[in-house]
Amino acid sequence: MLFHVSARLEYAVRFSSTLILNVHVQHNESQSIVTEQFGVEPVVPLEHFSVPGSDNRFVRLETGDAKSLTVSYAATVDCDHDILPTRNLEELPVGEIPPEVIPYLFPSRYCQSDKLARLAWDLFGKLPTPHDRVTGIVDWIHNNVEYLSGSTDSGTSAYDTVTQRTGVCRDFAHLGIALCRALNIPARYFTGYSYQLDPPDFHALFEAYLGGRWALFDATRLAPLNGLVRIGSGRDAADAAVATIFGGVSTRLSKVECKLGEGQNFTPLDRGDLTRAAVALETNTDATPEA
Amino acid sequence: MLFHVSARLEYAVRFSSTLILNVHVQHNESQSIVTEQFGVEPVVPLEHFSVPGSDNRFVRLETGDAKSLTVSYAATVDCDHDILPTRNLEELPVGEIPPEVIPYLFPSRYCQSDKLARLAWDLFGKLPTPHDRVTGIVDWIHNNVEYLSGSTDSGTSAYDTVTQRTGVCRDFAHLGIALCRALNIPARYFTGYSYQLDPPDFHALFEAYLGGRWALFDATRLAPLNGLVRIGSGRDAADAAVATIFGGVSTRLSKVECKLGEGQNFTPLDRGDLTRAAVALETNTDATPEA
Amino acid sequence: MLFHVSARLEYAVRFSSTLILNVHVQHNESQSIVTEQFGVEPVVPLEHFSVPGSDNRFVRLETGDAKSLTVSYAATVDCDHDILPTRNLEELPVGEIPPEVIPYLFPSRYCQSDKLARLAWDLFGKLPTPHDRVTGIVDWIHNNVEYLSGSTDSGTSAYDTVTQRTGVCRDFAHLGIALCRALNIPARYFTGYSYQLDPPDFHALFEAYLGGRWALFDATRLAPLNGLVRIGSGRDAADAAVATIFGGVSTRLSKVECKLGEGQNFTPLDRGDLTRAAVALETNTDATPEA
Amino acid sequence: MLFHVSARLEYAVRFSSTLILNVHVQHNESQSIVTEQFGVEPVVPLEHFSVPGSDNRFVRLETGDAKSLTVSYAATVDCDHDILPTRNLEELPVGEIPPEVIPYLFPSRYCQSDKLARLAWDLFGKLPTPHDRVTGIVDWIHNNVEYLSGSTDSGTSAYDTVTQRTGVCRDFAHLGIALCRALNIPARYFTGYSYQLDPPDFHALFEAYLGGRWALFDATRLAPLNGLVRIGSGRDAADAAVATIFGGVSTRLSKVECKLGEGQNFTPLDRGDLTRAAVALETNTDATPEA
């Protein structure tokens, strides 16, 4: 499935600063970049880099004396969303989780799974399979947390959301991750471009490691799981922020789009599908237990 | 410098569980393993593994039906502690931090640097160099936080310690890390065997990335920096726990030793040295910008 | 119903300190003191006092140079527990809550009702009457929080317990209070001697203001509601601590008893009763809207 | 000194709700009400009340079907600010604090003094007198916390502010109170009209109980201490909110004024004065241990 994605970010700069951006889509086995453009106005020193153990594609910018910066990114991406029959998402004991997946069992800044263990086992521990537990978590979050723009901020974590029960996509994802990890199910943060998300924006959701694969889950249910283009993965938003700012920079505008390629025929996965199937959008750092 | 290190850990097992242990010393450019033994009684299935982007050496054990487990580890290690002249620990702008070090700028479970930014800049922002800032942080923690066994637990984080002002080595390390990151200085958690630590135990401290190298700092000042043998590095204790338990296992005994090799001549770095010099014990994942 | 209650408290004193004790039973319209003894060994300066708007009976002790203190209290108390038919515990709009009860709507140190509002309305808001809501809260706490000695400390609050889901009687009471207040139902902390509590100790529970009266609720369900002798009421444990210590004093022993008077015939209220009826043990500070 | 104070509050009402307002000035021994007007448009049922142990004057309003409410209050008040020579603000051991003042030693919702004890004793414990400690606290807050509108919300407490170091007058007051109580100095929240506060608004500060009297302190230093007209006192903002809303009401406008009476001659207390003297504005609930 072909998607055209784009982002235009405008920043006001108060003094010479460094920005780390994460807006490039990942290039991996289920996501091919057909075309891609990236530009910054005015021209400033920049460096593309990635971090060991991650396919995220970062850009580091030095603002120098620029008083404002405009970042433009556009790409055409061919995504191969894999619809996973949930009967294959069977039990995977901690003892068989691949080493590279193990860090996704640990608590992180916004996903304090260590503090949610009793709650998670009480609510979901009796469900028969890991896949049932994750869908139980997603349903519970959807039913108990209200999506409310502006109700949280960058300091909000799963420990807050589980009680305060409002948030945005980032908070829904963090809570899903924390509850999975509390049940010994590896889980990680996913950011991406999202087709049919309304209003258009970057989206955040989460992946759980089930049956030897990463499967996508979205407790907000705001967009179809087979319309996502991956930007970043990480333990939580600390690892995959759209922009991390070191210095005096503030966002003036953020315009994000995700359109279907010409001639493509898109059938969104609906609620019913979601209870029967899961979706994967693999990355190179994933385990490939089949191999 | 040769050290003999050993750990004996006894666990009571209530039901079939998985343990991930991190007691093996790292093997890296400044730490050579001369001899090493590892055993578990009774014999249970186990797997050695490491995680991408880390030199930590983990063991995963399946308790099966065993009602108790005794883990024994011993090694003789040749450590090459590098005394760093602090005049070389100069400014390294965010823009020049190597990619693999950048994740150590981000907040983590126990090091909420995002919430400590104003406090950190107010207290240490006027110090002229990054090395001064880190030593300022270490001095401040040493002077303001009381080392008090049993005053904290596994849920305690830097955000608590900065106000409640008691803790153990782990809490001192977490607060040091959080304050460094708040000042845009990469910092990571260090666990190891520690010569002359009294009473003998695993020790936790932290490393700050200064002048292109990781340098060791210990706000507890309980042991000489040139008597350490590295077990683990990580963002915080979530990444480098001695034991992570999935199931029903409790610790019954933990006996740890670190002795000087025969014929070795050890001169502990004293307080005065610490203000003039820093110590490094490099790992392969470090950047080597000189190369 | 006659009860014999007693407490023996032994303290170690490191330096000259002040203690405020709250172990005397209240004297009010439904609780008559038949006999009462209070003594401190060695003899130290002390003062009995009460606080405006409260019937709690405090004693303030000055330890002076004493190295240890033994406090002894014993009383025989005639309690008139009023079994409230729950059909009378009807709706009382905020607009009709008596002024002296209004402060029990506000959040307090250990009962952050302001942070629990969404959760409380989601879980209990659809129940038809305030009495149903309070019994719903009590059932929910009983079913979701595990009574576990030593799992919490004096800093634990309702905001922690609602997520971490372990605690002791004090934590169960705080959570009940916070959830009631979040629903605009006044609620307050109750401490007392408790007949048939096993092991014997001071007990903490809570009262909700329903139908113009304070009714007792105990989410621990560890003791019969008609076997309580009131010591203190307050917003939370900060107002009704058994001992508040200013200085260097630690508890060495605490021995508490509550026995039935000779010839008394006690029928504990059982679970079934609790769903049909509530119990009141009034105090002079209560509103008497009927009068 | 004569002041004309006024407040105009406009509320939007989504559904039938109850409001508790606290905008009336107190009438006490150092504050006489010369004239006073209060009105609500449209006319709705209302009740004036006070709470035991407090001189705060509350109004409870029932919105009924009104879609909006305008509340108007105006008063001319004669205030007798007492400049306290600080040599009289001497030591008052916990053992001599009057009973009615003792609750102001306890932690409260927004003033978690129990968690700040070590920090408070470390920072201020060596100062020789209680008055020195309170002025030390005020100076420390003024120097370390930045006044920043919008940086906090109604859930922010002293435990947050001591680390995050931004806030508004309410946060400055809460932190001052918490630090005083941590040092066993009774402290309470003060709200009032404030002459020369710019921009004009309600103001919040705190009182410490020193030498047998309540003395005013303002860590924001935004207005003269002898230009205040007291509205409310309480343990913290939970006890003395301008408006407590039960239902669906939001504030549309809040316009507050405090002007000097005709012919009055006002000399603001300046910084130098504040280090030498304190100001009291007594209330009837104060202890008068001299009498």
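By letter and in written order, the chains are A, B, C and D; residue numbering begins at 1 in each of them.
Assume a contact is a pair of C-beta atoms (placed from the backbone, for glycine too) under 8 Å apart; a residue touches a chain by one contact, two chains touch by 3 or more.
None of these values were measured; they are calculated from a predicted model.
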Contact distance in steps, from chain B to chain C:
2
Shared interface numbering between chain C and chain A [over half = same, under half = different]:
same
Return the distance between the CA-based centres of chain A and chain D, expressed in whole Å.
46
Using mean CA coordinates as chain centres, what's the chain A-chain C distance in Å?
47
Measuring from the mean C-alpha position of chain C to the mean C-alpha position of chain D, what distance in angstrom results?
30
Two or more partner chains touched - positions in chain D:
115
Determine the shape of the graph in which chains are vertices and touching pairs are edges (line, ring, star, complete, other).
ring
What chain pairs are in touch here?
A-B, A-C, B-D, C-D
Which stretch or stretches of chain B touch chain A in the complex?
18, 20, 45, 47, 49-53, 58, 60, 62, 93-95, 99-100, 102-103, 105-109, 111-112, 114-115, 154-155, 184, 238-239, 244, 246, 285
Touching residues of chain B toward chain D in the complex: what are they?
115-116, 118-119, 122, 144, 146, 159, 162-166
